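Down below are the structures I want you to see.
Consider the two complexes below, in which subunit A is the common component and subunit B and subunit C are the respective partners.
Then we have the complex of A and B:
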């Protein structure tokens, strides 16, 4: 389906320049994955060969699976453990982040109060201060209070860079949602909880889904903070990957892990895209 | 049904006073318009009656009972918002039944009342559509149905005709009027458009700067405004200062004019008088005419098809005259304006406010 659309986009009314530009952008996005894919199916790929000297297919009798994948699915790689950790932490962070940001965004979008502008400015501070500084400082504190190396500790630090984004996205969504709808529901007799469940959340859904997706993706990609505060006790896909590539080479197993790292995000993107497109929302909010 | 009374209702937002003090009596089954320029506090008044705002002072009474502190959900009122506020993610049916569902009405009864109300607003064919698939008039009917199905004691509307084009306006005006009379439901609506207020309401409350300026039938507001401000807002254009005597004589720059003190009670002293542009006869000769004649020269003509407006210069002032366009008087002609004594209205602020 996506490919058909892409083809149509290329064939219909695009100037040659636009086509070349689109292909370049596509290449830029897909490009980095190509060597990873090749590497994961290679048996031996030594410098300076442009392509692997020996493919896995030629050495099938020596290993049943491509070396990369054989390693990835073996328990020694700890890929399964890291994936579970990553998804679990990402999911919890997303939920907590939503719970914190929904009420905040509502207030920021609708109310005026003293110091609002500076409050909004300070919200962005976590994005400006280098992660390393936050990480080291928090590590000291967390070791002292016993949060280092715990899930709670990692979830807490993951909230630091995700909350600013989430608040911004949800504030914009709330601004698009007039008070009318909630007031109307109130007049019709709905309780606060009914309003939230039947009116506000369904109407905010596209924005909430987008914000949640983004938060999840950011969380699953945080390396430095997880690395500092996980203390090696809790591994996630990014820290696992780092341990494989820190030597400076991209071997077959690292290539395999890298590809695995992208899977949760890709699955989530596919699901949410379906979800956001669903009927009524495509048609806008009426008049 | 329900009588609504506002007793000395005021509302402050911080240091800003939206409503200073308003007293208003709305009879059961009456259709009342709150009319005023934007920012005058009319919407705040409506929101206080609905329960979306709590008055800072005073009382709101429904059938003699103070509801000022009753939460919106329990007040059993209905409100149709200007932009209808239809829930975009629900079909017409779901929108209409929302109020009953959240109140836990039994499914059987919901179904029955849904069929009834869809018949009333003639929306049966559209029941499975989403709001975005409806026209403006249809959306408004959905909004009205959604409100009426809950059987509110008071129905409120925010600028009910403002979002519709001219043709639909007439249709919706008749629809709202008929429905309101059939159900006998006390209805209050807000508008900044004096035409909308006059064409729809039984009585109109004119609000300026958080104060009730005048509350009366549309024809009274139009012909006998209590202040220059109200007259201005109702679209009057010929208001001139004069010395007025209670015997029915105006001494103005146009000379002496007589008016009917029975129609326009007045006191001796200074004031203003109002000439409705459509109540002035435009004569081409002074022959046969008795009193109340003003001589002038046509300076400008605006042709609207059915009617025509003339700007007539008299004694240095411009008097606007409008008449049916059965004839056209040329610009530059000398004319005589004749005003019947009972068509002159006198405004003396302070003495009768």
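Then we have the complex of A and C:
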């Protein structure tokens, strides 16, 4: 009796409610992609048909590729341009962010100093000040000094929301690292450079990779700051998709572009799931 | 030591701090490049706050932000609690639920359009079961001030964020305390509210802070899926900013500063409320 009650209170298997809930959430998250995929391969899909009236395959003598995909991979859609821009900006932002955050994270993880709490609060401010405020305020300044619509301007502005994440993840890494190994190397007579190259960096590497991936991810997902400060001159995947659907309708080519915009996310998901451990994420955000 | 802090400090102070300071100054009438310099001048705030539509916009902005934050919180915590259990296919599920985290909000908006639009899947399903026989009979979901589309997009994108944060905290604390409570005779509700909940609260607070701030300042979803006038505040600010009459840009700046102020007040009270709770239960 008591044993049964104990088991009920501390179950490590799913309850029936949880099973249904997990299925519903899965449906909510990936379900809408099904009609999107169908739409991109449809030739004609009129209301109220649940499936397209004419599939591309039946009309393939008229167009070699599905209509949507033919457009998506053509230069007219500007998908390639947007993809290259997204990857280029993301990569540069990640490198800069990593370089300026590493020393700071090291200090934050290891030293106590006056004003540390307020410094940490300042570092997380960009996460809680609405993006629209930053975007529009910076746009005024950037137009004035000629940075609006330039790669440099976009890269600079992407640093604002990525720094807080990078700092948190790297600080968690340094905290886990401890000073002991470096001290041992020092006692054994290693030079500072040797310590950095042979001890600190190898131990830091997994965390650095995780932080870099996460920063890249945040940068590639930014819409508002790119849209406001890119001034339509620099397009990335999120802003390209925005311009396709801003009318509130979704045709076959927009469906194709939506799927293309999803692909980098899926690739990043497959990589990050291996590198970013949930525990590390928790250390960064659990407090 | 300060040398090591300098790079981040300089970048954030100049870009972020500079934007904030200049934004506030412009909203108070400092724009010499337009030939406007009446600093300090509260007329832009006066004109904005004196207009009834501002308060309607504010109400809408807060409504979308609060409802979607609350729904994401509940759904995310439930998801995290299920994820710590063992079930077949868990490895795959952990990939699947994170997908929205990895892709831009605009993808979520496209999905909302194809599902909830007037000729979308829900409309087609209703026609299939015979409820309607023309797209115009479909009870409009998108582009209304109820904001179902906006809320759906936020919840779709943010439930995984809350779930991931809370799940990470749950993994960190382990199950020992819950086991101890169970041995002492607590039932599952007591275990959740008196043991688990206080442990995951820091994760809940930090993730809801982040998503609420985002929702208040978000632009793309209300712009595409919203019901038109009155728009949410970020959309209002954007319209002012793109107005042919450039003096309205200062009004737009006042709107932006108002958003930041309101978000600041709400988040500050939320945090101090939470800190008081932490002190009451004897942490910190």
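We take it that the second predicted complex is superposed on the first by the 231 of 287 C-alpha atoms of A that agree within 3 Å, B and C clash if a C-alpha of one lies under 4 Å from a C-alpha of the other, contacts with A are read in each partner's own complex, and residues count from 1 in each chain.
Following the convention adopted for this analysis, contacts are C-beta pairs under 8 Å (C-beta built on N, C-alpha and C of every residue); 3 or more make two chains touch, one makes a residue touch a chain.
Since this is a predicted model, take the numbers as computed values, not measurements.
S.K.: Give one of first, second, both or neither to describe whether A:145 is in contact with subunit B, with subunit C, with both, or with none.
M.R.: After superposition on chain A, A:145 lies in contact with neither partner.
S.K.: Look at the residues of subunit A and decide whether subunit B or subunit C touches more of them.
M.R.: After superposing on chain A, more of subunit A is contacted by C.
S.K.: So, A:117: does it touch subunit B (first), subunit C (second), both, or neither?
M.R.: After superposing on A, A:117 lies clear of both subunit B and subunit C.
S.K.: Should A:181 be classified as contacting the first partner (subunit B), the second (subunit C), both, or neither?
M.R.: first
S.K.: Looking at A:221 after the superposition, I want to know if it touches subunit B, subunit C, both of them or none. Which is it: first, second, both, neither?
M.R.: In the superposition, A:221 touches subunit C alone.
S.K.: Pick one for A:262: touches subunit B only (first), subunit C only (second), both, or neither.
M.R.: In the superposition, A:262 contacts subunit C only.
S.K.: Please report the subunit A residues shared by its interface with subunit B and its interface with subunit C.
M.R.: 279-281, 283, 285-287
S.K.: If we count contacts the way the header does, which residues on subunit B are in touch with subunit A in the complex?
M.R.: Residues 50-52, 72-73, 76-79, 81, 83-89, 98-99, 102-103, 130-134, 136, 139, 146-147, 150, 163.
S.K.: Using the touch definition from the top, list the residues of subunit A that touch subunit C in their complex.
M.R.: Interface residues on the subunit A side: 5-6, 8-14, 18-19, 21-22, 25-26, 28-30, 32-33, 35-36, 39, 47-50, 99-101, 103-104, 106-107, 111, 113, 119, 122-123, 125-141, 144, 156-157, 159-160, 163, 167, 217, 220-224, 227-228, 237-239, 241-242, 245-246, 248-250, 254-255, 258, 261-262, 265-266, 268-270, 272-273, 278-283, 285-287.
S.K.: Could you pull out which subunit C residues touch subunit A in their complex?
M.R.: 1, 3-5, 7-9, 11-12, 15-16, 18-20, 22-23, 26, 33, 75, 78-79, 81-82, 85-87, 93-107, 109-115, 117, 119-121, 123-125, 127-128, 133, 135, 142-143, 156, 159-160, 164-165, 167-169, 171-172, 175, 178-179, 181-183, 185-188, 191, 202-203, 206-207, 209-210, 213-214, 216-220, 223-225, 233-234, 237-238, 241, 249, 252-253, 256-257, 259-260, 263-264, 267
S.K.: Which residues of subunit A touch subunit B in the complex?
M.R.: It is residues 178, 180-181, 183-191, 194, 198-199, 202-203, 205, 279-281, 283-287 of subunit A that touch subunit B.
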